[in-house]
Each structure stands twice: as C-alpha cells, then as structure tokens.
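For reference, the structure discussed in these notes is given below.
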Amino acid sequence: MIALLIRDLRLAVRAGGGFGLGLSFFLILTLLVPFGVGPETGLLSRIAPGVLWIGALLACLLSLDRIFALDHEDGSLELLVTAPLPSEGIVTVKALAHWLTSGLPLVLVAPLLGVLLSLPAPGYLWVTVSLAVGTPALSVIGTFGAALTVGIKRGGLLLSLLVLPLYVPTLIFGAEVARRGAEGLSVQTPLLLLGGISAGVIALLPFASAAVLRINMRQG
Amino acid sequence: MMLNVTDLAVARGGIPVLEGLTFSVAPGTALVLRGPNGSGKTTLLRTVAGLQPAFAGTVDGAGERIAYAAHSDGLKSMLTVTENLTFWAQVFGGTDIAQALSDFQLEPLADRLAGNLSAGQKRRLGLARLVVTGRPLWVLDEPTVSLDTASVALFASVVRRHLGAGGSALMATHIDLGIPEAEVLDVAPYKASPRASVLDEAFL
Amino acid sequence: MSIWEYANPVKFIRTTDRVLPWISAGAAICLVVGLVWGFFFTPDDYRQGSTVKIFYIHVPAAMMAINAWAMMLVASLIWIIRRHHVSALAARAAAPVGATFTVIALATGAFWGQPMWGTWWAWDPRLTSFLVLFLFYLGYMALWSAIENDDTAADLTSILCLVGSVFAILSRYAVLFWNQGLHQGASLSLDKEENVADVFWYPALVCIAGFVLLFIALVFLRTQTEIRARRMRALIARERQA
C-alpha cells in the first residue's frame, strides 16, 4: 500500500497537474472574488473565511476525477483490484494521495491568499486549522464520488453533482470555525463537529468506496 | 493446486455468452482458449480472475494464486521501466525485478520512461509484470498482441520455464506459441443459447 | 404467504393493477375533499389572512419529500440484502416523485414566505435543508441515468442512497447549527400539533392522507413503467443475441 502511495505521489509530481492546477485555481478564484463583490476592505475581510473555504472546496473538487480515471484508462486499476491489496486499502491510499497532493497544498497557501482578502488577524490560524481538519474529509468523500463514477465516460460533471451535496456538512462546520475564529469568537463546538465529521468519514466511507469500486470493476 | 472450473457460465452486460464450461488446469500445464472475436474469452478470463461474478457454476483454486494480464498493460507512462516493475513487485510483496528485466530483455530500457516505449516494448514490460508477481497461475488475455516473432519466442520460453517450475497458465490467444505442454480449448461449442439473462427472464 | 412474492415483477404488476384504481380514487377524493375543505370552509388566520391556506399543500408535500427518500432508502436496503429487482426499480421510480414533492414544498414555501416574511427566500434551516435534499434527489437520478447496466446502476445508486441518507441527516443538523432560523413554528407548524386548532387540523389530515395515497399511486405506476421498460430491454437483448 505504501508502494501505491509513493507511486501516486511520484506521478503527481512528474505529471504536474496535481499540485499546480488546484493551487492556480484556488488563486484565481480568490482573485476573482474582489472583482465580483468590489474592493471594499471591510466587506472582503468579513467574507474572507467563507471565500477561502469555498475556493479550497472547489479546487479540491477539480482534481477528483483524476483519482481513479487515469488508473482506469491504462488498466492498472483492474490489475490493482486483482492484486493482494484490499479494495478498502486502495481507496484509502488514493484518498490520502489526493489529500497530500491537493488538500495539503491548499491548507498551506490559504493563509497567503487570506492576505489578499484582508483576513482579520486571528483568522489566519483558524482558517488554516479548519482547512487542515476539514480537507481530509473532502478528499475521502471525493474518493467515494470518484469511485462511483469511475466507469462513466465524461463523468466529471456527474461527479460534481454527486459530491457537492455530500460536502455540505463539512463546508458548514469548516467555514463556521474559520468565521468564528476570524471574529474572535469561540470555535470549540464547530471545530469538534468538524473533527467528528472528518474522523467518521475517514473511518467509515472507505468501505462504501471500496464496494462501489468493486461493483464498477465488474464491467471492465 | 489445480484450477477447477465447473459448469461455468459467464455473462457480459448481464447476458450469458458462454455456458457449461468445465475444465481444469493442473500445475505445470497451460490451457489455451480459442474462439472467434466476441465469443466471450475475455469475459471468461475476467470471471476466473475474480473481477466479475460467475453467472453460474464455480471457479476453484483461483483467487489469491492469480496474476492477471488484460489487454492494457497498466503501465504509467511517466514512470521508468524499473519504477513500473518495482511498483508491481512491491504490490505483490516482492522486490526483485532483475529476473523479469532479463527475461524480456528489458535491461537496456530500464531507465526509459514507459511512455517512450514502442507498443511491443510496452507489451514486454506488461508481461514482465507477471514474473515479478511470483504468483503461480497466470491468466492472460491475448498476451502476444503487438509482439514480433522474436518477442513471442521470448514470451513462450518464459511461459515454459514458469510451467517447468510448477506454475500454470490460462490464456486466450490466436497464435501457436509452440508450447508442447499447452492444451487447446475451443470455446465456440459453449456459446450460450440465445436468451436474455436469467435475471431478465423474470421480466419476460 | 410471504410479502416477498410481490418481488416477482409479474405478480407485482398484476397486484398493483388491481389496487391502483382504488388508491388513485382514494388520493383524488382525499385531495379534493381536503383542499376544498381547507380552502373554502376554514376561517382565515387572524394574522395571515387567507395566505395560511397554502399550508394544506405545503406541509403534506414537505412531509412526502422526506418520506419518499425514506422509502427509497428502505427499497435500496432490500435490493442490497435480498436483491429483488422490483425493489431497486421502485426506488428508481420514487426518486422523481420525491424530487417533485420537494420542489412543490419549496415553491409553496416561497409563495407563503413572500407575504409573511416579506421575502421569497430566506436561508432558514428548514428551507435550506430542503434545497440540499433536492440536490440529493438530482444526484441520485443523474447516477441512475448515467449507467447503462441495470444491475450496476441499481447497486451503485443503492449505496449512494445509503451514504446520502447519512449525509442528509448530517446536513440537516449542520444547517440547524449554521443558522438557528426563523421558520414559523408555534402558530402553524405541524410539529406542534396542539397549537393547530382542530378546525385547521382535520382538513390538513385529509390532505396528508391524499398526498400519501398520491405518492403510493405514482410510485406503483412508475414502478410498473420501469418494469416494462426493463422487460423491453430484455426482449431486445434476446432478439439481438439470437
């Protein structure tokens, strides 16, 4: 399983795409928001935590279809399923690789983009913390969506339609942590709930993802 | 341990294509499947490999003993030949790829990106994957596609050595590999009688 | 006699054919009686005037929007555990009906909200939850129609329904947490039955019964259609193979 993780990371580094695309998207989105809502600093600083969360979420969504599609095209997914790796392990490693290549970079650049949006000082910590806790859930849920749509040609749009409603609770609690943090309020409750969602999703959803992956492999 | 297939029926898209298949492959032997395109050879091999459920009947002695090679080689074009092979070796719990490289004369290509290989070279790399799995039962779907005569001979000798070491192979191929241990099974007589799937019959 | 006998498609069609006219008639009678009673023979609310009467459509539709998903969940579980095809097709058949009820609930909510709250839409937790529920319906239906193989589609959508149910409940609580909301409670909501005067309550009950029967009739009818469509595909497949 570690071999699979290393392979995926190596591929992400060599083929680009993984790191670069999501980050550029995040940056562009953050730039577009002031164009859309106007340059008033007060307004921007108020919506900054939410904008950063939505930007991170959409950037995360962008790379989901690559999780399985490339392996499906070149046939290695089929070979992996017949290899001595449990499907649950495959989907977990895939989600982890996605988080390391998409989620983690977003967490790291979010504070930088916060500067562009005049994020209030206490917000930097809490935006980063909330994204660090929440993005693993986004990757795991996204892996479930990617496994559902792996056999479907041009399934990218469908993938978004399936995954976005599942992102609602994570987004709400994550953005709530960031917003309350930025306003200097207590973040304990939403942070605990966000952590609970992440933990629960990481523990349980791989079983569903593995099941749908095996179902999709039946078709060849 | 033998591969035993008993009264097997396999289905493509829910519709049976082959039925009543009974055969076994003993250690040290190979079985070659013949049949026209669309006759269900790939479906049969996928079923034996456990990728899809049998429509009826049983497959024994497959499971964890199988190394499966499909039409696509499962290669990553952005990884080198060595990295591709090492990955599969690690997945199957091994590390040694030297044997596989030399078996398919891939040493000169070891540091090339798989994406820069010719079709035949890619196929050789895909077949070398079988050697690093260390699994006894090879299930191969058209293994010689895009191989030249010399490479086919190379492949045949590797298969023969695998059989000699107590391994076995089940493969679909149109050409004569020159492997005397191999028996031939024509799947055409097992064509499933025309009907919709049994599941669909509930709707008829 | 086991209930699973109705899992046979032929038996299902034969039985539902027999009961469908009765259920449809029941739905029509209940809806006409309930709505006429509610619209014309109940007093206007002292505060909201006749606007309040949209309640006779809004509340039953909202209830059925949720119950339809619950029914799909049960049908999906039956498919996963017992693999009865009728069950999977019934889940598929219920989805557009449930989605329509959700839209009705949202639209009537907007019509009601406009005079009452002065806005067509507010990010009230209940409204928001229904919007999210609608998205779940959309995703579920899109997945069904994207997959060619019937059994694969049934398997995948069943698992989506299961996972989606958990996330729908999570979303419900997340949305409540996010905005405590201003949805009119005390004077009108069915959640607090004792606060609804009997004079409003009885016609509302009849309307709810009407919506339930309407839902059952539509699901039976649509399941029959799905079965026949499936049967047609089976026939075509057999024809092609011969």
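Just so it is clear, A, B and C label the chains in written order, and each chain counts residues from 1 on its own.
Here is the rule we use: a contact is a pair of C-beta atoms (placed from the backbone, for glycine too) under 8 Å apart; a residue touches a chain by one contact, two chains touch by 3 or more.
Chain labels with UniProt names: A = Heme exporter protein B; B = Cytochrome c biogenesis ATP-binding export protein CcmA; C = Heme exporter protein C.
In this text the structure is predicted, and so the values were computed from the model without any measurement.
Averaging C-alpha coordinates per chain and comparing to chain B, the farthest chain turns out to be C.
Once CA atoms are averaged chain by chain and compared with the all-protein CA average, the nearest chain turns out to be A.
Look at where the CA atoms of chain A (Heme exporter protein B) average out and do the same for chain C (Heme exporter protein C): the two points lie 32 Å apart. Averaged C-alpha coordinates give centres for chain B and chain C (Heme exporter protein C) that are 49 Å from one another. The centroid of the Cα atoms in chain A (Heme exporter protein B) and the matching centroid in chain B are 37 Å apart. For chain B, residues that reach two or more other chains under the stated contact definition are 13. Annotation for chain C (Heme exporter protein C): residues touching 2 or more other chains are 149. For chain A (Heme exporter protein B), residues touching at least two other chains, in rising order: 218-219.
Residues of chain A (Heme exporter protein B) that touch chain B in their complex: 2-4, 7, 10-11, 14-15, 71, 73-85, 217-220. By the touch criterion given at the top, residues 8-10, 85, 148-151, 227, 230-231, 233-235, 237-238, 241-242 of chain C (Heme exporter protein C) touch chain B in their complex. Residues 144, 148-149, 151-152, 155, 158, 161-162, 164-166, 168-169, 172-173, 176, 189-190, 193, 197, 205, 208, 211-212, 215-216, 218-219 of chain A (Heme exporter protein B) are the ones that touch chain C (Heme exporter protein C) when the two sit in their complex.
Interface of chain B with chain A (Heme exporter protein B) (complex): residues 13, 42, 46, 49-53, 64, 66-79, 83, 86-88, 90-93, 129, 133. Contact residues of chain C (Heme exporter protein C) toward chain A (Heme exporter protein B) in the complex are 132, 135-136, 138-139, 142-143, 146-147, 149, 152, 155-156, 159-160, 162-164, 167, 170-171, 173-175, 177-178.
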